[in-house]
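Single-structure report; data block below.
Should a chain be cited, it is by its letter among A, B, C and D, assigned in written order, with residues numbered from 1 in that chain.
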Amino acid sequence: MRFFSDNTATACPEILTALEGANRGLAKPYGEDEWTARLDGAFSAFFGTEARAFAVATGTAANSLSLATLSPPYGAIFAHQEAHIAVDECGAPGFFSGGAQLALLAGEHGRLEAAIFRAALGAYPPGDVHKVQPAALSITQATELGTCYRREPLAELCAIAHERGLKVHMDGARFANALAFLGCHPADITWRAGVDVLSFGATKNGALAAEAVVFFDPALVGDFELRRKRAGHLLSKSRYVAAQLLAYLETGVWRRNAGRANALAQAIGRAAGAALLHPVEANEVFVGLGAERRRALRAAGFEFYDWGPESAGDARFVASWDQPEGDVPALCEALGRS
Amino acid sequence: MRFFSDNTATACPEILTALEGANRGLAKPYGEDEWTARLDGAFSAFFGTEARAFAVATGTAANSLSLATLSPPYGAIFAHQEAHIAVDECGAPGFFSGGAQLALLAGEHGRLEAAIFRAALGAYPPGDVHKVQPAALSITQATELGTCYRREPLAELCAIAHERGLKVHMDGARFANALAFLGCHPADITWRAGVDVLSFGATKNGALAAEAVVFFDPALVGDFELRRKRAGHLLSKSRYVAAQLLAYLETGVWRRNAGRANALAQAIGRAAGAALLHPVEANEVFVGLGAERRRALRAAGFEFYDWGPESAGDARFVASWDQPEGDVPALCEALGRS
Amino acid sequence: MRFFSDNTATACPEILTALEGANRGLAKPYGEDEWTARLDGAFSAFFGTEARAFAVATGTAANSLSLATLSPPYGAIFAHQEAHIAVDECGAPGFFSGGAQLALLAGEHGRLEAAIFRAALGAYPPGDVHKVQPAALSITQATELGTCYRREPLAELCAIAHERGLKVHMDGARFANALAFLGCHPADITWRAGVDVLSFGATKNGALAAEAVVFFDPALVGDFELRRKRAGHLLSKSRYVAAQLLAYLETGVWRRNAGRANALAQAIGRAAGAALLHPVEANEVFVGLGAERRRALRAAGFEFYDWGPESAGDARFVASWDQPEGDVPALCEALGRS
Amino acid sequence: MRFFSDNTATACPEILTALEGANRGLAKPYGEDEWTARLDGAFSAFFGTEARAFAVATGTAANSLSLATLSPPYGAIFAHQEAHIAVDECGAPGFFSGGAQLALLAGEHGRLEAAIFRAALGAYPPGDVHKVQPAALSITQATELGTCYRREPLAELCAIAHERGLKVHMDGARFANALAFLGCHPADITWRAGVDVLSFGATKNGALAAEAVVFFDPALVGDFELRRKRAGHLLSKSRYVAAQLLAYLETGVWRRNAGRANALAQAIGRAAGAALLHPVEANEVFVGLGAERRRALRAAGFEFYDWGPESAGDARFVASWDQPEGDVPALCEALGRS
C-alpha cells in the first residue's frame, strides 16, 4: 500500500480521453496548435480575470521558469525553508535564473509568516550593490507540510512583497488540494490576494504530465517564452500537454480528484490522533511515529517516506486521487492500533 | 496539406496503447518505476552494446543535457552551422552548459567535413588558457538538410574528435529516418563509428513526447542525472515517457513510421526534379522554388516553411509518418506542374 | 575619523616600492612573468608545504573562483549565515559556480559550530538526485564578527566536511589579522587543520589590490586557471599584482600591519566595556551602542557602519593598518564617556 | 627584443605618480571615493557628451560586463570572427551573460562589413522564439588586425544594429591607438557614430591595470553596477583604478603613448614591404614571413607571436608605448634583410 507521494498516481480517465481526442490530424507544433490557443481563455475563466497561461511538463520547470522570469541573476528569492524549490529541485532556481540566491525563512507548519518575512527584508537596504536584490517571494499552496494559507495571511505576505517591489510566485503543485480544502474561489487565494504568477499543478492530481504557468498580469510574461524554449520546455507536440490542462479544468476532475485525496488524508489524520504533527489541510499527513512504529507499519505493508531528521522518527503519508479503496482504512486501523 | 514538420504528426496507436498499458496502479516516481528500469536493457539490445538510457520529453533537453554533461562551461562545442543546437534551440547549449561556446562549421548538404573540422581544431592550441577548450563535437543524423552520414565519414569525424580528447554527441532527432534510409545496424552509425552519446528521438516519428539520451560508455554518464533533475527534465510520472520509448523500440514502429515518411519524401524529391537542393536521404525535401512557385503552391493549399535567405526562394517539405494518403501525390503533381 | 572598514586604508610603502621595482622593462603578460613565477615558492615557504598560488585583484574573485573550482553548479556550499560570500558579494558564488546553492548556518560570534554543521549535512542523504549536492564548506578566518577559530574546532569542522567528501575553503580576507592574533604558524590554521583552498587577503592589510588563491593540494587546482581567465580576473600586466603579494609576504608587512590594526581594535574593545558584543580577536569591534549613542558618536566626528537590524542599534568599528595616530584614543575616550 | 604584445609594457610615470598621489588618508571604498566621483565628469569632458564611466581592472571584464548589460542570456552578440571576445577571452561573454551566443562574421582586415552584418541579421526573423535574439553588436576599434574603422562605415554598422533594436558595444582595448591614427575627436568614432557602450582601454597604453566602461546613454547603465559587483570587479580600494584613469585622460599620456607606439608600427610596416598583410593603422603589424624567416628572426633575438594557421607562416609584431629605443630599427633592418 503506497503512500509515498501523489505522483505515484495514474492519469485519470478524462485525461487519457483528452489525449486521444487531441490525437487527430496534423497540428502546428510548439504552441501554435488550437489546444494551446485555448489555454489563456480557459485559465482566465477559471480564475475570473485576464490571465496568460503556458504549459510545461514538470513542476520544477513551472517553478523555475516563473522565478527566472521574476528574478534577475543577482536577485534574492524568499521562500520557506521547507519549500520544494529549496530542498527538492536540485538547485533549479539557481540554474534557471543564472545564480539567484534563495533567502530561506522559518515558519510554523510550513507557512511563511509576515513578521519573519518583514525582518528578513530588512537585511537588504535598497540600493546596496553588495547584496543580492530582493526580487521575488515564493509561497507554496498547499504547503510542503500539508497546510494551507488562508486569504488574509496570504494577502499580507503579498502586500509586504509588493511594497518592496518584489513579485509574488505561488508554487501550486497541490493547488487543487488547497482549493478543495478552502472551498473558496480560485481568485481568492491567487490574484485577489496579490499573487503575480502561479505554478498550477495538474500532474499530481490526475494529469499525466502537465503544469501551467499562469500570469495574472500579462505585462509580467516578459521573456518567459524565450526562457521556456531555451530550457527545452516548449514541447514540440504541444497539443498534448494543452489538452490535458483543458480537460483538467473543464471537466472538473481537478475538484473530484483533489476532493477524494483530501478526504482520505483527513481520515488518516484522524487516525493519527495525538501523533499528528501538522493540521491536515490537503492530502498529506505528517505523523510522529518513532522508529519502532515506522518499522512496524512497513512490516505490515505500508510504504511511505521518513521525514525530517532521522532521530525525530517522523513519517509522511500522501493520499493519491486514485488511492485503492482499501488502503486508507487499513492504514487507519494500523495507526490506531500501533 | 501540411508539410511544415514531422512534429505536426500525431502519436501512433502503439504509443497510445503503451500509455494506457502503463496507466495501472501506483508506481514509484522520478525514474524509480519498472518501465524506466527496463530502458537500459531495451537500448542495449537495440544498439548491441551495454548502454545507459535516460528519458526526457524534448529534443532540446536531450541535446543540451548531453552537451552539458560533455562540456565544461568554458568548453567549445563544434557543430555544423545549420545544426539545430545552433539555430533552433534559443541558445539552449549555452544555457545548460553555463556558457560553452559553439564553434560552427560549414559543410555541404548539412554534413560536417573532416578537413574543415580538423582546420577548426587547429585554432585551439592545447593548453591555451585564453581560448575556450574544445570539448565536444555534435553531429546531426539525419542532418538538418535531410541527408545522412555514411559510416566512414562519420567514423573519421569521431576519430579526429577523439584524438584531441573531445567527446562525440549525435543529435538523432531523426535517427530512425537515417537508420531506415541507410539500412544498417544502429551500432554502425553510433558507437561503432565512435559516437559517445546519442539524443535518440522518438517524438517526431510517432511518439507523443519522448526522447532518450543514450550513453554508449556508462562512464560518461557522470552527473547527467543531477543535471536532468535541476533542469526540470526528470518527469515525476516517469513511467509514461519510459513506456513510450519501450513501445517505440520493441514494437518496431520506429522502422515502420520512418520507412513510410522516408518513402513519401523520396516521391517528393523525384517530383522536384532539377529544383532539388540536397539528396533526399530521410524525410525532408529542400526545393529551390523561387518566390513565384512558393506562392502558387501555397495558394493551392500546401503548407511548408521557407528556408534560408528570403532572396533564395527555397522551401522545405517534411513528410510525417502519418501524412494523409493523398497529400504527397497532390504535392508531387503540383511540383511537376509548377 | 573613519572606522568604516580596513579597505579605506592606503597601500603601505613597501607595496608601492614593489610596484615601482616591477615597473622595468617589457615582461611577459598573463601570468608568464617572473614575479608570478615566484608565487608558488613564496607561498609554499610561508605555509610550509607545497602550495599553488594564483593572484587576483579582489576578495570576491578569490572566494568565488575558489568555490566554483570546488563546487559543481548543482552543489551546496555550507557557510555561516553572516559570511561575506552570503551577504556581501551580490550573489557571486552563485554566478561563478553556475548556480550552486548556499546552505547557511547559525553559530555564535560568527563561528560555525560542528554540531550545527553535522546536522545540516544530515538533510542531504548521499545519492539523492533531488537535492543540491554538498560540495564545499567555506570558513571565514578571521570571521565577519572579528573572532577567530582556534585550531581544534577548525580541524573538527574540516574533518566533518572531508568525511562527507566536501572540500574546505577558507575566506581569509583578514587572514593576517587572525594569524597575528593567534600567534601560530600559518600552517596550523590552514592545511594542517584540513583547509584545502585559501583566499589569502592582502588588500585590506596594506596591499593596493592583491589577493591570492592558495591551493594546499595541487591536485585541486583543476580548471581554476580557465575559470579565472573567463571571469576576467587574469590580469594582463600580471607582474604588478604578483609583486604586491611577494612584498607582502617577504618583507613581513603582513605581520606589522595586522599587528598594529589588531592592537588598536583591542583598545577600542576595552573601551567598549560591557557594550562589547563579540570577543575582539582581529581588527573589528562590534558594540551595542543603541541609537542615541550612535548618533552622538557620529556628531563627534566618528564614521562607522551600523550593524545588524536597525532596531538593535549595533555598530561596527574597524581599525585599519594605517589608522591615524589620534583616532583610536579619541574613539576610546568617546566610548568611555558616552 | 619583445614584440609579443603591448601588455608587456610597463606603466608610465604619470600613472605611478597618480597612484602615489591617491595614496593618502582613509578613503571610502567600493567606488564611493573622490577619485571615482570624478570619472563621469572626466569622461564626459573627453567625449564631449554626458557619459557614465565605470572602472574595472581588465579588458575582459570591461567587454563582458558591457555585453552582459546589453544582452539577455538568450541573446545573440554579433562580432567579427577575429574579435578578442570570440577568440581570446575563454568564453567570457557566455559566462557573464548567462549563455548568450556569439554570431561571428567574416570581414576583410578584421573589419565588420555592413552587407555581411545585414545578411546575418536576416537569419533572425523578429519574434522567432526558437532563435537566440539579436541583442548587441560588438565592434573592435582598433581591430584585432591593427586596422581602424573610419566614421562612415562605423556609423553604417551602428545604424543597421539600431534599426533592429540591437545596442552597439565597442571594444576599445586599443582605442587610443585608433584615435591617434585617425586624428579625429573621440566623439566621432563613438557616440556620434552610434556606439552605445565603450570598453575604454588604458592598460595596454601605459596604465598599470585600468579600463573604463563608458555608457554614452546613462539610461543603458541599467544593472551594470550589480553585475560588476557580483563578478568581483568592483575593487575595494577603488581610488587606485580611478586615479589611473583620471591621469591617463587628463595628462594627455593616452595620446603621447599611443602616438609613439603607432609611429613605431608604421616603421615596421614600411620595412615589411610586400609581406605586409594588413594596413598599419594602430600599433600592430602583421607580416607574411613564412616559417624560414620566422625562425631566422627569432634566432636574431626578436620575440613575437605566430599568427593564424601554422601553415600560413604569418607573424604579429606589436609596438609598445615604451618599446626600447633600438628595438624597432633593429627589427626593420632585419625585416629588410631577411
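Just so it is clear, contacts are C-beta pairs under 8 Å (C-beta built on N, C-alpha and C of every residue); 3 or more make two chains touch, one makes a residue touch a chain.
Just so we're clear, the structure is a prediction, and the values are computed from it rather than from any experiment.
Chemist: Spelling it out: a chain qualifies if it touches chain A and also touches chain D; which chains qualify?
Modeler: Chains in contact with chain A as well as chain D: B, C.
Chemist: Counting only C-alpha atoms to place each centre, which chain is farthest from chain D?
Modeler: Comparing chain centres, A lies farthest from chain D.
Chemist: Mind checking the centre-to-centre distance between chain B and chain C? Centres are C-alpha means, answer in whole Å.
Modeler: 49
Chemist: Using the average of all C-alpha atoms in each chain as its centre, how far is it in Å between chain A and chain C?
Modeler: 40
Chemist: If you average the CA atoms of chain C and of chain D, how many Å lie between those two points?
Modeler: So the centroids are 33 Å from each other.
Chemist: Which residues does chain D have that touch at least 2 chains other than itself?
Modeler: Touching at least two other chains: 30, 73-74, 89-91, 95, 98-99, 129-130, 133, 226, 229-230, 234.
Chemist: Taking the touch rule as given, give the residues of chain B at its contact with chain A in the complex, in rising order.
Modeler: Spelled out, the residues of chain B in touch with chain A are 2, 4-5, 7-11, 16, 19-20, 23-30, 56-65, 89-92, 95-96, 203-204, 208-209, 226, 229-237, 240-241, 320, 322-324.
Chemist: If we count contacts the way the header does, which residues on chain A are in touch with chain D in the complex?
Modeler: It is residues 30, 72-74, 98-99, 129-130, 133, 223, 225-227, 229-230, 234 of chain A that touch chain D.
Chemist: Give every residue of chain D touching chain B within the complex, in rising order.
Modeler: Answer in residue numbers: 73-76, 87-91, 94-95, 97-102, 104, 119, 122-123, 129-133, 309-310.
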